[in-house]
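For reference, the structure discussed in these notes is given below.
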Amino acid sequence: PGPAAAQTAAPTLNMAVGAPVTSLDPHFHQLSPNNAVAAMIFDRLINTDGQARMQPGLAESWTAIAPDVWEFKLRRGVRFHNGNEFTAEDVVFTFQRVPNVPNSPSSFAAFVRPIRNVEVVDSHTLRITTNGPYPLLPQDMTNLYILDRETHQGVTTEDFNAGRAAIGTGPYRMVSHRMGDRIEFERNEQYFGERPAFARVNYRMITNDSARTAALLAGDVEFIDQVPTADLARLRQDQRLAMSEVTGLRLIYLAFDHHRDDASPFVTDAEGRPIPRNPLRDLRVRRALSMAIDRQAIVDRVMEGAGTPSAQFFPPGIFSFIPDFPAQRPDAEGARRLLAEAGFPQGFRITLHGPNDRYPNDGRVIQAIGQMWTRIGVRTAVEAQPWTTFVARAGRGEFSAFLIGWGSNPEGSHPLRNLIATQDRERGWGASNRGRYSNRAIDAQLEQALREIDDARREQLLIAAQRAAFEDVAIVPLYIQTNIWAMRRNLQHASRADELTRAQDIRPR
Amino acid sequence: MTVYLLRRISQSFLVLVAMSMIVFVGVYAVGDPVEILISPDADQMERERAIQALGLDLPLWEQYGVFVWRALHGDLGRSFVYNEPALQLILQKMPATLELAFGSMFISVLIGLPLGMYAGLKPDSAGSKVIMAGSILGFSLPTFWVGLMLIMVFAVQLGWLPSTGRGETAHFLGLQWSFLTANGLSHLVMPAINLALFKISLVIRLTRSGVRETMLMDYVKFARAKGLSPARVTFVHVFKNILIPVVTVVGLELGSTIAFSVVTESVFAWPGMGKLIIDSINVLDRPVIVAYLMIIVLMFITINLIVDLLYSALDPRVRLEGKA
Amino acid sequence: MSGPTLEVRNLRTHFFTRAGIVKAVDGVSFTVGRGKVLGLVGESGSGKTVTGFSIIGLVDPPGRVVEGEILYQGRNLATISEEEMRHLRGNRIAMIFQDPMMTLNPVLRVDTQMIETVLAHEKVSKDEARQRARDALGMVGIPSPDERLKSYPHQFSGGMRQRVAIAIALLHRPELIIADEPTTALDVTIQGQILAEVQKLAANTGTSLIWITHDLSVVAGLADDIAVMYAGRVVEDGPVSEVLDRPLHPYTHGLIGSVPSRNKRGEPLRQIPGMTPSLLKLPAGCAFRTRCPRADDACLAEQPLRELRPGRQARCIHPHLDEVPA
Amino acid sequence: MSEQPIIELRGITKRFEKKLDFAGKIAKRLGAPVREEIVHAVDGVNLSIRKGEVVGLVGESGCGKSTLGRVVAGIMPPSEGTVLWRGTDVNALTGAAKKEAQLRAQMIFQDPYASLNPRMKVQDIVGEAPLVHGITTRGGFDEYVDEQIRRAGLDPAFKKRYPHQFSGGQRQRIGIARALAVKPEFIVCDEAVAALDVSIQAQILNLFMKLRAELDLTYLFISHDLGVVEHLSDRVVIMYLGRVVEQAPSEEVFARPNHPYTSSLLSSVPRIEARKRAFAVVQGEIPSPLNPPSGCHFHPRCPHATERCKVEVPKLREIAPGHFSACHLNG
Amino acid sequence: MSDVTLPAPAAVKEETPFRRFVSEFMASKIAVGGLVVFTIIALLAIFAPWIAPQNPYDLAQLDIMDGRLEPGAVGGSGITHWLGTDDQGRDMLSGIIYGLRISLTVGVGSALIACLVGASLGLLAAYAGGRTDSVIMRLVDLQLSFPTILAALMILAFLGKGIMNVVIALVIVEWAYYARTVRGSALVERRREYIEAAQCLALPTSRILFRHLLPNCLPPLIVVGTIQIARAIALEATLSFLGLGVPITEPSLGLLIANGYEYMLSGKYWISFYPGIALLITIVSINLMGDHLRDVLNPRLKK
């Protein structure tokens, strides 16, 4: 059946997502589910495609006219849902609002902080001056949703949630919103870009994994995201269903206590006595622990194939991917040898921590790693706990080794700056460097890359810095998650590496 | 009566204060909401700004003081996550939970009372043994497991009922209710049954033991000695007496159902308060947690009060003045 | 005047318990004449209450009437259907229970409990039934019956509750009232009041009464005839004055002897040695044998109720034929 | 009979108050019809009992007999007044002396089923207190308990049994053994035979009298059965709504009752000698102790009541040697 | 005087309350069935290390390559997994036997401790009355309106993870039920004459409380106890479902079920089904006993 037939048959799309949308205010809380919905209602200057590559959005083009000056040419004839025209003033207004959203627990302010000055050249041209050379400005612009100066003057988060202010230029307009339950959308017939396939969308939130799958199987919804890996095999076999998959941008990795020279809190010797020095400071030990892990087995057995073993942040095809750096092969023998070299022929004991409600199968993965480490003589106790308690303790550096994940912007500087770089309050580096890894050489390379406007040269610098970090086992990358959506057979979906689930990506087959 | 109410109110007030303090200290100990809420790539500056924006920079006792001060003015704080008044958030979700709780209570009484009466009147019959053994199943299996089983059978396999969600709603008293539409009602059935299972067992058990004890009372025998029909003896003399414990326990259960239908709500994606509180606990959204508990405590107190009043309506021997 | 209101012949009611068969009533016979008061006395546990329940057919399992005839105006109540029995109960035969605190349903108003009794046996309007209830309350001397009808039992004192129970028994002007120790739980002054009511009643309406008690003094003042029970059997019966003044059976003799007013002040009371045997294993022959000063081997044989004097029967081989208790 | 009273009650008053709590006080301020509820269970009772005497305490249900008994037995402190034990104030004592005084007065309860702990063996019920108080030792325990049980007329072979295995009369004997085991001099019998059958009642009453003779015990015998009291007591005290209305030697009371209440009480008692008699009705309902009538409490039911009875509380006055009565009719 | 010493009541054998209780309990076939099943379960749990084919808590004995094997399959280490394996390659049969152990420890342990705490407080409340009573009962109210999950989270935060901490969480949740029950019956028992008799005998208060009052409040306590054991086991399962239960490497029955829950839609029924059956049997057996206990211990139903 052609698209037209499918459309008349099902003008409404019922879809369910696994993470609740907490706010329709696009500048209130940086959270994937919120961003996905914002991307349906609003637009950004620069959009991203399924592979996280930049595409013209409300800006038709952008160029660096000086190392610290960017010029954006805006699209003409774009109108907000209420008919107001989109102009450069709206962008300026948006930049002003972003840092001033009251009570925001996780604001978007960091994206406008590098901006020193915005100059409106004409109604559809902007010149943005940054504090020093800032190559990441376009990347930052992919995160900011543009509001209308007239409409959104003085509106509050509640106005967005109530629908009064949920007015953008995006492909859908919001019809109704029941917090934490569902949002109903209607197609924006005036949309400047590709016309979405469905006239109405019923966007439901079903947080329980099995319930979401059941809703799809029962036919209550036609499309779901975050397909639980346990159900993959069954869903793949189901003739009525189709899947859409893409390797994402979220790396699951292990972090170690690099911070303590003396005893690390959850490490003891093979007999359970304290060890006065922290073995995890020894590169050989870290290598051994990484080597002991059979990533392919974890991906196959625990993740049911929904992942790609990796030794670095990104999958191929992403800017600053290290081409000749394959995932570590398991080598228990080699690992034992390295341990012996490092002075632990009997191994030692360690507790591996991790969350049990954050990433798919997180609790299972740490158990599997526990098995593998125990097999090379590192007797591992495994402790999983809810993210709520886990993350604060991890942040305070209370653990010796723990599993955690990181979803990157598609640019090596992003994970490097946050996970690897030495913690530095001034520069805002190392925010999530919970193992307190520190390597001055890498810091220097990163600093240089962050001033390099030329993409090719910047990529080389970033590759070198990443390589150095992984060779020093700053963290132990495990695998990159695959994002999976499931739908009725008569639908198709343009998958997205950035995990956003949006109605405009779904079309009848 | 007035004294009784006053006493209840003053005691309730103390309970509220104690509860809010426990929650404040408890949530503080569990973790740091900023760690959970903030984007992981936010730098230190961002973090500090967020901490300040949420008022978490003050010492705990000062935060508590601010809370109390505002609470006395009717403001229970704003949600960290939703940036909406916590009270409003909770009240939005309340109808969903209320109808689920009342639905399940209704089912459990509808099924439990007759079965319990039967089991009590004929304690040695095979039927009553089956009922009693069956009622154990009601609380043997974890709710989440039974819930998914229901979905599998009735939604996925048979396709009789919708799997999850709340369905269409209709306006009534300015709120959205799903029991008023056929579609909404069909959504309500399964979660309500899931939640009712435990209560059905409870009601059966209570009713049975109540009937057995009441049947032995002299006044039942005297009623028979008056020549009343067995039906009148059972449905007037016995029934009204067993209603007393049943109403008490069902009332208290209603409270805990409203408060803690967390698991059922999450399995059936039922957008009620239970899901709100578990979500809020997961992100340590303290204003919502505190406001929620305040409301729950108040609700418990109110339900207790209503139960007591009902109790005295049903049992004329109980005079409220006499109770401590 | 035709025959007696009630004639019980060789009634046996047994309880089939796990521990064994409890022969609570084991061959009881007596007759209640029209308008007469029969006092049924005996020790605690001797089967008085069970006899009463057997008559109105309310013996609960594991108990059962296993033998005997209960002839009420010629009909054998032991064999009629439950439905027929129900129409007699509360209507022609009424019962008043021992404990006034427990006989009225605490959660129903007094009027409900009275009106339902009227409606159970007669098709009358609710208002008429209420009128009847009010009259009955007035009859037993409850002041302002209209208000009292609207009360709950707990708002009444014990004596008033017992009077309500009596009023309920009177609603249909029954031919027979079985009163099971209705004053045992009450004070002497209140007891006096109730006894006065009952007397008035029997005199005015011609109702027959079975008055169950173990208080001989009450029976003395109230009854025409008396039947003494011991261990599930009637051991002696006859007119009140006869039995009390010239008891035949040693048990009756002992019982009367223990009443304090029959003893000299300050001296030890006369007492029956030993205690009531368990109904589960009664000694063979005369059940009183083990406690009886006159017992001998002859008592090992079963004794029938024999007429020893005109109108006087007793179940004893060695009756007190000549002595008069002090 | 010796001269000094073994026990003397002076102005004993016992009130049961339901005080207003904080909420109640506020409600009262707000005009709610609440008030403190006070039951004058015992109201200014004076009584002295000589060694070896049996004093019968008679009255209607709820008139305060048990409460007075409990005060005398030391289970309850009086609200006002003093209990003098051989001339010393019991409440002024402390420590060992107090315990000693407590043990000298014991109580036997009405309900033979409720007054024994169903989960204790007879030997523990009887022997626990003597052991705790050092009256006997572990070694001498068995012998001591046997002796107590035997004295109460039970077979010591049954001391390892539990109360439910005994009949009412036997249970009452266990209660007696328990009281006697701490070697009391004075025993309060609170309706100790009310729950028993006439034939068993006779056994227990005989036991009381035998023990009195053997152990030189003094009794306060509470009952509403005038027949029993008449048989047993040397002196009778009659109470009405918390007050003593008449007090006289036994023969005197039954022969010449003075107070109208006593007369009506006596006339209500059924007697085995009286055949087919007409029962008399005492006028009026028993008043609530919560809200007792003014003046003489009995006036609403009294056939001879005058205006004075409604306002003035009559004093207990000696109208004949040893015969006291509280009635205005006595002039 | 022949009449002073009464003859013995005609009882055949020495009957203690306990013996009588046992004989009455044994009279019900269903209750005995429950007892037998429960005994078997308890023995399985106690002797788990000698019975289970594998130590499911030893990570060294697990291999994820054996994960999710079907019932009856033979794993890499040569063990036949009669009930299949879970995602970690844990033998389900061993997991269930060990899981029973934890579930019973948690259920019985928490019920016992909660009973101890609750009963003492309830007793105190009833005996002392007045302000003590009010304070304790308001605490009970507070507890009953406090969400289990939040309580468990707080304990997790204060004390970290572990079986003992789950027990503590359950105790904190459950003591209030016991306190309420005991107070209720103690209020009645306190007015009995045998308590007055004990006071009259000048026995110390503690003795009166624990030797006289407490034993007479036991029957309702035992009944509540059997129900609460079942409830505690089920509650632990729910906590595990929410990620707040026992450590994941030492799964209880509840955690096994919660783990298998995710596989229920995928056809790998055994991961959740068999532990579910084991839990069902355990709870049913406890409650069959409890139900009958309730009847045996209820004096009003006896004649």
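Labels A, B, C, D and E are assigned to the chains in the order they are written; within every chain, residues are numbered from 1.
Convention: a contact is a pair of C-beta atoms (placed from the backbone, for glycine too) under 8 Å apart; a residue touches a chain by one contact, two chains touch by 3 or more.
Source: prediction; values computed, not measured.
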item: Pair joined by the larger number of C-beta contacts - A-B, A-E; value: A-B
item: Chain whose average C-alpha position is farthest from subunit A's own; value: C
item: Rounded Å distance between subunit B and subunit C, as computed from the means of their C-alpha atoms; value: 53
item: Chain centre separation in whole Å, for subunit D relative to subunit A (CA means); value: 86
item: Separation of subunit D from subunit E, taking each centre as the mean of its C-alpha atoms, in whole Å; value: 48
item: Overlap residues in subunit B, where contacts from two or more other chains coincide; value: 30-31, 148, 152, 156, 281
item: Shared interface positions of subunit D, touching two or more other chains; value: 167, 169-170, 203, 206, 210
item: Junction residues of subunit E - those touching two or more other chains; value: 3, 6-7, 9, 153, 156-157, 242, 261, 264-265
item: Sites on subunit E touched by subunit D in the complex; value: 3-9, 11, 14-17, 192-194, 196-204, 207, 212, 215-216
item: Touching residues (chain side subunit C, partner subunit B) in the complex; value: 56, 58, 60, 86-91, 94-95, 97, 99, 102-109, 113, 116-117, 120-121, 152, 154-155, 165, 168
item: Subunit E contact footprint on subunit B (complex, rising order); value: 11, 14-15, 18-19, 22-23, 26-27, 29-31, 129, 132-133, 136-137, 139-145, 148-149, 152, 156, 205, 209, 212-213, 216, 252, 255-256, 259-260, 262-263, 277-278, 281, 289, 293, 296-297, 300-301, 304, 324
item: Residues of subunit E touching subunit A in the complex; value: 59-60, 62-65, 67-68, 87-88, 153, 156-157, 161, 242-244, 247-249, 261-268
item: Touch list for subunit B against partner subunit C, complex; value: 217-229, 232, 236-237, 240-241, 244, 314-317
